[in-house]
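This is the structure I want to talk about, given as structure tokens.
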Amino acid sequence: MSIKETDQNNTPNPKNIVYDTQDLNLWYGETHALKNINLSINEKEITAIIGPSGCGKSTYLKTLNRMVEMVPSVRTSGDIKYNGKSILDRSFKVEDLRTRVGMVFQKPNPFPKSVYENVAYGPKIHGIRDKKTLDEIVEKSLKDAFIWDEVKDRLKENAYGLSGGQQQRLCIARTLAIEPDVILMDEPTSALDPISTLKVEELVQNLKENYSIIIVTHNMQQAARISDKTAFFLNGEVVEFDETETLFSNPSDKRTEDYITGRFG
Amino acid sequence: MKYIDINQVQQRMNSRIVKNNFLKYIFFFATILGLIVLAALLIQVLYDGLGVIDYQFLTGRLSTEASRAGIMGAILGTLWLMAVVIPVTVIIGIGTALYLELYLKRGRTQSIIQTNISNLAGVPSIVYGILGLTIFVRAMDFGNVVLAGGLTLSLLILPIVVVAAQESIRAVPQHLSEASYGMGATKWQTIRRIILPAALPGMITGSILAISRAIGETAPLTVIGIPALLIPFPEGITDKFTALPMQIYYWTLDSTLVDEYANLAAATIIVLLLILFILNSIAVIVRNKFQQRY
Amino acid sequence: ACGSDDESAGNQNGDNKELEGSVVVDGSGTVYPLMAKMAEEYMINSQPNVSVEVSRSGTSAGFETFLIENGTDFNDASRTIKEEEKAKAEELGMNIKQLKLALDGISIVVNPENDFATELTEQQVIDIFLGKYTKWSDINSDWPSDKIQTYGPNENHGTYEFFYENILDEQDMVGDANLQQEYSTLVKLVSEDKNAIGFFGFGYYDNNKDKVKAVGIDFGNGPVKPSLETISEDGPYANFTRPVFTYLNVDHAKEKPQVLDYAIWVMENVNNYAGEVGFAPLPKEEAEKLANELKELK
Amino acid sequence: MATNSNPNKNAVPVREMIEKKKSSKNISSVFEKLVPTILFLFAIVSILTTIGIIYTLFSETIEFFKRVPITEFFTSTELNPLSQNPDFGILPLINGTILSSLIAMLVAGPIGIMAAVYLSEYASDKVRRTLKPMLEVLAGVPTIVYGFFAFTFVTPLLRSIWPAVDATNILSPGIVMGIMIIPMIASLSEDAMSSVPNSMREGAFALGATRLESTFKVVIPAALSGIIASFILGISRAIGETMIVTIASGSSKNFTFDITQSMQTMTAYIVEVAGGEAPAGSTIYFSLYAVAMTLFVFTLLMNLLARYITRKFREEY
Amino acid sequence: MSIKETDQNNTPNPKNIVYDTQDLNLWYGETHALKNINLSINEKEITAIIGPSGCGKSTYLKTLNRMVEMVPSVRTSGDIKYNGKSILDRSFKVEDLRTRVGMVFQKPNPFPKSVYENVAYGPKIHGIRDKKTLDEIVEKSLKDAFIWDEVKDRLKENAYGLSGGQQQRLCIARTLAIEPDVILMDEPTSALDPISTLKVEELVQNLKENYSIIIVTHNMQQAARISDKTAFFLNGEVVEFDETETLFSNPSDKRTEDYITGRFG
């Protein structure tokens, strides 16, 4: 299956490539979950990944920070270069990679600790002990995640007291606290109500100034609304990868069209 | 403004990873430490005791003379104890579980009995010994005979049997009993023909494990009072007796007087562990063989 | 098991009659090895269908279960019965008979590594257990200045009471004395503590000569070590010699032929086994006399 | 409903046969009513056991306190039950019990939790499935066997390393009890950790945490109540353990904190006194019950506490 | 809410009424699960009950053989007459009722016994011990349930070795073995594949010659295909009860129409 991004790659590109995926294949035991993926993801853009359930979106995302390795039966071939360095190499330190590449999950998963401790967790494990610095990081991260005003008076309370939307923004703040370059988001709004969703979307768009964002979403409207580029996955393959506007208004693959017009998925 | 200095983070990264890998081995070692001790225990016991075990040791009578001492009396004592423990605990234990799970309505009474049973499971075995001494040996005047010991051990393992039986009853899918009721079966018919047969493997497994606990129990017997020297074989549940763990106890204590007693104790331990091993294997086999897929 | 066979069963005379039933013995741990040995031999050689069970909760503890309704048949004792115990028996209308079995010598033992305190005077022993010396160097300045650790059987035991009453003259034993229920534990403790000094019956020393060392006691005529030769009521170790007994419940003996039979057998054979387990035998006549008295009961 | 609506339905007149049998069903309906009553009587046994334990312990303990003032019992460090002027202070026994349990927990606590961490966080499924049952074998070994092991193996071993250790001492049985308790703590803590949802770990990993950091800073705090409960149950088990201490710790009743020395626990005291067949009615006989009552209350409180903690602090994720 | 079956009741009715439900109300604790149900069910007909999830179909069915009593918190008011006798009375023996009224469940639930023992179970508990009689009953029931040919050589094998569809027909055979008058079926085909479903449907239609059948189904086509009458439940009420043809072609209630045309549910 040929991939439609080739045109894209040939056009002059002022932005740096943060992730370069080359001929990536991934198997869960016998299941061939990712097939010959080739994708170049730009810095300081929002890249959306869409596709029907089970097409490998989450798997791809988790490969980008090697979280997928937590499944014991996983095998990969091909290569992913992060800022030019090959990350699939076992000698590449995953902890290092994950410090640069934050991740936000589908279901908010704050730690069962206080709001403060949730945000301070990352800096702490990376060796920041100074109380004042931590305070500043926490405040800044919460502010960047647009949640400071809602929680500033309950920093010591358990994070599970927050609403779902607040929890998700807290998780984003937690990720911002380690100042990653890239933020991976796996359907970050699918567990949220429409109002919370809107807040998170707004937040994501603001973040793109400083971060490269890759976001998996079921919601095509969302992809259309917020992303710069969109990749359409199907059965473990990238069917089409293009500027979001182009992909939604003028898809070059029949299957993409079928999918975005709701004919399947 | 950057708070996180990526170079610093990278420097620390190595030591963090080394720490993680190092501790992983420590944790693994902690896990197998218990197994190492178990191996040491087994080796010591085999080393001391294996030479003693022969036909005469297994079938002979007790003696003060190490060279002619045998443990048939203790084996028979243990068997007689089980002849009391098994029917009493199985009947009362399963009966209690059936009542709690199938007859008693959820509510206060049920939760009181349930709490009571889990508390009983945490009462030290020596306290059961005192109960047995006061009630069976003295108040009911059985004396320190098999019956008193057996009833004491029965009370001791009853909570374990009840809980295991309850769990296996709960594991029988509701839709099976519904099908039975749906055909006009009465409650007891449903229990007898559907629930009990389906729950039986679990109940048997639980009971065997509880019984092997009873076989190894020593503390309650020391309280009930087992003679240090009892040569005749017990011939019924109203006879005095000694049991394998009691014999281990006395021989261990006296090993400082007569060195060979330590070997007798070790040999008796081998026999006891062998019995427990066989019982546990049976439990595993029952569980694996009769596990139902619904 | 009492009262099952009464008068009708009591008129047998033939010594070889097959008996059955049980005989229950408790009491002294000191006497236990002798009694256990005899019980075993009796069952092997004389009456295989009689069950003699022997426990060893200690002389005093044993008396408590002997002097009750349906108590034990025999109580071994490493001291004579006390007045209050006798009174208890009378109160119950119980007839008991004292049977002297053998002679024991209270052995004072130390750790085998102890090469200084091999001999002590009687008074020194007493003072050690009264706590008048705390270090070995308090006794003899050449000896190490380590703290003396005293050991003995606990108050359950006749041996303790004999020691307390006859040797210490009822003065309180030193407070930190390590008193144990089990003689085996005691032997082990002394064998492993190089500052230990302990006391117990000769048999426990005799069986463990490789683990503990007996101290020669000077009663005024030079040091004497306990041995089957020196232990006797008028020999050189006489001050630390005491008889050991078993007490028979005469009512039980009359009701249960096997109890009486065992008692007679014991008195006829005790001298054959005493030495083997570390007791000095009684004068022959004394044992015979008791055996004959028992035969009268038939 | 007597109308037979399907008269010619069958070759076999099942319906009729059923109707006929029904009339003779009175016996079985009596049985049907009898069964719950019988089962109820069985269920009562466990209640009676509790009542029996509490009643015997309580009534004889009261008798004891008529003879020995309760204040003396709980404050005196002197315990000489058999002497002519007996003292009945339980403190030496409580001291022995606490020391031995403490030693046991110092062994079982760290090792148990490390084993739990390994099994729950590091081990692969296969390794866990083989190691965990093997570990649980340790819990199935009779305590008398551990007693033998402590007395004839661990104590000599300790003495060869540390000569000050006595032939009977509280250290060796404490260690061996700890080993016996490891599987209990490992197993219960592992359950608690395994029930922490994976999303917690993922959250930590995504921030660049190592497994160690996710375990100690996220998983363990989240599973803390289960872990604490397992510790308390372990302590309760150690307090009630009898044979190991009876065999390996001797019967000295000294009030001391020197773990190289022989001392007695509450359980071992009960064995000693009951083994002496203390006759009903003597003060020493009643002391048996007072000590047993204290022991019972100790372990009961521990078990209730463990249950309270698991219920009250059940984690919500 | 008035019930539309009144017309039905007034027309001359040659068939006997087997179940007559009058003002039935049922509560699970606080949940009012059945509200003023009035339904007359005819002998030797197939009555289908349809309605969206949670509307009380299963509850109603289980009330008809008083199986609903197994939930401890259940309270009822009103009356159900079975062949003229009030069955909700606590003095009415449920075992008797259930002997006359068989039940087939959503998920096939054979006993973990042999095929033979499954079918013989009912006769045995009702006191039939004679081996020959039992053999005859088993054979006949299996034949009536259209499964004899498939299992006649494996009567001694465990019933769990059968396929789902076979298991369900075995469960029907098991019910037939005690020769009930009525058979209650709660979505008996929802766990089956299309071919097995067809076989069961065919079987049900054959059974109606001798038995009165009440069948709950999610599948409106199924109701239309096999039933004589259909009741439409909604929120614990009977919205409409009529000849199946009428109800599907010409529903008198707007909500029925919305439901059968797929507008909700």
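As written, the chain order gives the labels A, B, C, D and E, with residue 1 at the start of each chain.
Keep in mind that, in the parts below, a residue touches a chain if its C-beta (ideal position, glycine included) is under 8 Å from a C-beta of that chain, and two chains touch if they have at least 3 such contacts.
From a predicted model like this one, the values you see are computed outputs, not experimental measurements.
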item	value
Neighbouring chains shared between subunit A and subunit D, ordered by label	B
Pair of chains ranked first by number of touching C-beta pairs	B-D
Centroid distance [mean C-alpha coordinates] between subunit B and subunit A, Å	53
Between subunit C and subunit E, centroid-to-centroid distance (C-alpha), Å	86
Distance between chain centroids, defined by C-alpha means - subunit B, subunit D (Å)	13
Contacts with two or more other chains, residues of subunit C listed in rising order	55, 182, 185, 188, 191
Numbers and ranges of subunit E residues touching at least 2 other chains	96-97, 99-100, 126, 178
Subunit D: positions in contact with at least two other chains	208, 210, 213, 275, 277
All touching chain pairs, where touch follows the definition stated at the start	A-B, A-D, B-C, B-D, B-E, C-D, D-E
Touching residues on subunit B, where the partner in the complex is subunit E	105-106, 173, 175-176, 178-186, 189, 193-194, 197-198, 292-294
Subunit E residues touching subunit D - in the complex, by the definition given at the top	16, 43, 82-85, 96-97, 99-100, 123, 126-128, 133, 136-137, 140, 177-179, 181, 210
Subunit D partner contacts - residues on subunit B that touch it in the complex	9, 16-17, 19-20, 23-24, 26-28, 30-35, 37-38, 40-41, 44-45, 48, 91-92, 95-96, 98-100, 103-104, 113, 116-120, 122-131, 133-135, 138, 155, 158-159, 162, 186-188, 209, 212-213, 215-219, 222-225, 245, 248-249, 252-253, 255, 262, 265-266, 269, 272-273, 276, 280
Interfacial residue positions of subunit C with respect to subunit D in the complex	26, 55, 57-58, 60-62, 64-65, 68, 154-156, 176, 178-182, 185, 188-189, 191-193
Contacting residues of subunit E [partner subunit B, same complex]	65, 67, 70, 72, 94-100, 102-103, 105, 107, 109-113, 121-122, 124-126, 160, 171, 174-175, 178
